[in-house]
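Next come the structures, one after another.
Consider the two complexes below, in which chain A is the common component and chain B and chain C are the respective partners.
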Partner chain A sequence: MSARRNLWANRLRSDFRAALGMLAVLACVPFFVTSPYSLGIVIVSMYFAMLAMGWNLLAGFTGQFSLAPAAFAMLGAYTTGLLNYHWQAPLALGLPAAVLGMALVGWALGRLILRLRGPYLSLTTLSFAEIARVVISNSHEFTRGDQGLNVPTLMQSRVGYYYLFLAVLAFTLVGLYLLMRSKVGRFWLAIRDDSIGAETRGIDVVRYKTLAFGLSCAICGFAGALYGTFSQLVSPELGLLLQTGLVISMVVIGGIGTLTGPLLGALLVYLSSEWLREIGGIQLIVFSALVIVFARFFRTGLWGLVTSWRSRLKTTPDVAKESS
Partner chain B sequence: MSLLMTRGLYKHFGGVTAVNDVSFAVEEGEILGLIGPNGSGKTTVLNMLSGFLQPDAGEVVFAEENVTRLTTVELARRGLLRMFQMTRVFGRITTLDNMLVAGMAMGLTEKETNQRAQVLLEELTLAHVQYLDAGQLSGGQRKLLEFGMCFIKPPRIALLDEPFAAVHPVMREAMANFIRRRHAMGQTFVLVSHDMPIVVELCQRSVCMNAGKVIAVGSTRSVLESTPVIEAYLGSSSHA
Partner chain C sequence: MLALDLLVNGLIFGLFYALMAVGLAMIFGVLKVVNFAHGEFYMVGAYAYVLVSLKLGVSPWIALPVAAAAGAALGWLVERTLMRPLYSGYASWSIMKDEYAVVVTFGLSLLLINLVDKIVGPYPVRGPDLIETSRFAIGPIMLNGQKLIAAGISLAILTGLAWFIKKSLWGRQIQAVAQNRLGASLAGIDATRTTSMIFAIAGLLAALSGALLAPVINPSPDVGAFPAIKSYVIVVLGGMGSIWGAMIAALFLGVFEAFFAVYVSYAYRDAFGLLLLILVLIFRPQGLFGEKGREV
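Moving on, here comes the complex of A and B:
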């Protein structure tokens, strides 16, 4: 019976429960942490968790290694900001426009590049990300360039923002869980493991890759748009490659191809980066080294280590019973 | 009318003509052997039949429909499935999950796929490894799993590329038995293999290719005994 735990549906369910548990813990934080600064740090880490979940959908579940999650967050933030700045569009219109806009850009980009594989796909997304950032940075009259763009806030309450981010994170998590449990999620896993094999079985690989790309971009775009309303300022810095590197390190350290891993990684990496910043700004060195260590020795990340320890603990009594 | 036909297929790679005016037919319910020495163009023909390559000229007709320009996915949905020489299973999900993916891709429900998968895994002696990740299976077990995935919804025709290559004799026999049972139920196969004893045993008819051309077609015995085929495998006496 214990072997059934290995089935995708069962693995996913226990992964989902763990991720929900983490969100439940996050929901309790404002009861104990009241400093607006500290709450702000957790809010930003939830923003990164959304980016990490969006990127993980593409890289971890579908096997497409994009280097543009931060660029899509930046573009989402600018969609909301520019609609408001030039046409006074309310956030009720600007935020959904960021989701829809990024889904469409992701879909269109996906149609163009998803027949590419491996490094070519990554390099194309990297080029797209850099072109987008440079265009925004240089279009001073339209975007205000490096000065940044003011974005109206949704609310003044920091606790309110905290729970808004948490609710969006929970919504994203539940959506991803339902998708991964469905036929679509299984097809993504098949594409990740062997795209030619998936095609041979009758799976429309380009269609499902494009869907993953569009959804991933929509999640990142929404995260960026929401972050823009929280910080009330968007700038091309949101789309720096450094930010993408941070997202990738969060997923790799937390556990790629899982629901809990990106969440765990985002919280750990961002919270500890704040702490490391205080002791001398060595966070980038530490995370780069950690990514190398995890990619080399613990490819399943922290969440993978936790699940393997857990399954060892659960199987040991079974083995003991059988041998006695 | 034959179930599958090729008419004057050509494929060039740069200056090399890999497939040169290849025409043959596969009848419903038969096992057709596609044989020939290495580099004769068998796999290229299989790639064109299964939509992985587009021919430069000629056409492929399947179930009275011209399918020459259809994609692999469109062909799979019409019931033309292909197995590769190198196994293509989904390594990071379980054996049973692999079957579920294959069934769902063919339009079956999860429940229906699960029921069929249990029967097939039992038949293929894979039931004991159904909860193991496919990446942990042996090479032979992976090939058997590919058979299971291919037959979760029986195709109209299955194209098998070297299924017996580099497989333990026990697994080889399990695969051959599986093909025999399915053939008895009316299944059509195209079998590419270098394993002549099994080609002789399983295939009623064979097509032999050499240097991109069809050099013999007919009953498997007559093909293997024909002079051009003997020369293709052993070299012509004039070169001796």
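Moving on, here comes the complex of A and C:
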């Protein structure tokens, strides 16, 4: 029994169910919370959950620690915004363009830095992120620089936006689950754990690494574009390194390399940051300290703590002793 | 005459960059990780200098070594608490040590920025000058007195460091551990203590660089971001982990930026440095001056 529970597929399934449960809870929230301000906060936290899932696909599942998720979101948002600003493209065209464009950018970037890993990959993506931000905030004629761009909105209703974000989140989650359950997911994990070993077993490492890059980039870009239509303003601030730091802290606190972790982390971190802000603006101190503590002592994050605690309850005492 | 002016000013900034980047290169050389909190060592040094000299009212010449000591203590503490898992068999991140280092140092950078932001305040603070004379001319070149004296101190420190690493016993231990950790410990070198020392030196240099520039830059909590990014560029240009490469690349970048800002574009100066970083990593990962290729 214990052996079966430890199978990757079973773990993934319970992980997926927990994530779906969280989305179900989120779906009920508008019945109890009606103030547009509170709903807005949850919407922003769902935006961060998308970024966290996109980054986790790259870092947690494929082992490529990019430092550019916020920059991808910014570029996605600008794709939609610029198409609308210069060529009056409707959102029905602008949003898919953001997804496709960012998938291409991610694929190209992944292709370019294919052989880099670890600190080299982080440095390159960090540079890419900063270049993108500097270029956008300095090309005043084309992007209006730091003033930002106004973007039309999809709808006026807050509740409507809430369910739109929730639907997109659910779609991403299901898509990721199906991918991780298929051989693609196992290839990714194999590449993460031992890319040379994976290559010797006949896995096309180039193809699957660039696929992960493109997908992650598309998820982040779509999240950014959607957020741009929600806030009706796109500015280079979306791509600040601080935002990337927030995304990373969400994933590490929630549990890297899982489906529930990024979701849990994003909701917990963003919602409690609103609360900590009222106490006196200490939210970023708390989260950055938590990231260090979690990375140092609880690598599996909150979700890992929950699962190990659950499996300890179910196993016999001597097995529990062994695993601790 | 503009060109000569730019050359001298570029070299002066190159010296400050070198002070930052050498520490980063030493850390990379010995642990093969990038310290993403390096800019915050610089920021802590600048703040220590300003606060000690203003709040305690002591002479800037005392505040300077205090700031350097604060940086050294911070570097040592970071190594003791956060870097040990990288080499002392820490099971759960064992296959992803590089990634652990990225997350932890990135988190540390955020933590330090926000701690200072909360405790001291988000507004820039201005430090006292080391000397009274603000501007004077040597021949046709106008120089800022504070910058010149800071550059002199940097040059002295860098020369001392070069001697220390090349000749002294501890410096040779650092070289040995950077070349081969296991081999060094088999030869009786305390690799753990050497790693702590490297972090302390790196912290000291970065903090000193921040303190020396504090009267010029008016530090605010996020002041470390730009020098940190420059140090990444320098370390990559000079060949990751190469101390001499970092020194040369720092001077090169200082001069290059001075000319680029005037003749090409000021706004895109930093973006161009980063583009250089990406290109070097992709096409010449051993760096412009690197003598041997490192695994990438």
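Quick note on the criterion: the second predicted complex is superposed on the first by the 315 of 324 C-alpha atoms of A that agree within 3 Å, B and C clash if a C-alpha of one lies under 4 Å from a C-alpha of the other, contacts with A are read in each partner's own complex, and residues count from 1 in each chain.
Operating definition for what follows: a residue touches a chain if its C-beta (ideal position, glycine included) is under 8 Å from a C-beta of that chain, and two chains touch if they have at least 3 such contacts.
Treat the numbers as computed from the prediction; the structure is a model and nothing was measured.
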item	value
Which partner, chain B or chain C, touches more chain A residues	C
Chain B versus chain C as contact partner of A:R117, first or second or both or neither	second
First (chain B), second (chain C), both or neither touched by A:D193	both
Which of chain B and chain C A:A52 touches, first, second, both or neither	neither
Touching partner for A:M22 - first (chain B), second (chain C), both, neither	neither
First (chain B), second (chain C), both or neither touched by A:W8	first
First, second, both or neither for A:V234, with chain B first and chain C second	neither
Which superposed partner A:I203 touches (first chain B, second chain C, both, neither)	first
Contacts of A:S249 with chain B and chain C, given as first, second, both or neither	second
Which superposed partner A:A266 touches (first chain B, second chain C, both, neither)	neither
Overlapping contact positions on chain A, where the chain C interface meets the chain B interface	193-194
Residue ranges of chain A in contact with chain B within the complex	3-4, 6-8, 183, 186-187, 189-190, 192-194, 196-205, 257
Contacting residues of chain C [partner chain A, same complex]	28, 32-34, 36, 81-82, 85, 92-93, 95-96, 98-104, 106-111, 114-115, 118, 225, 229, 232, 236, 240, 267-268, 270-271, 274-275, 277-278, 281-282, 285, 296
Chain B residues within the chain A interface of the complex	50, 72-73, 76-77, 81-84, 88-94, 96-97, 100-102, 104-106, 110, 131-133, 149
List of chain A residues in touch with chain C within their complex	59, 63, 65, 67, 112-113, 115-120, 122-124, 126-128, 130-131, 134-135, 138, 193-194, 241-242, 245, 248-249, 252, 281-282, 284-285, 287-289, 291-292, 295-296, 299-300
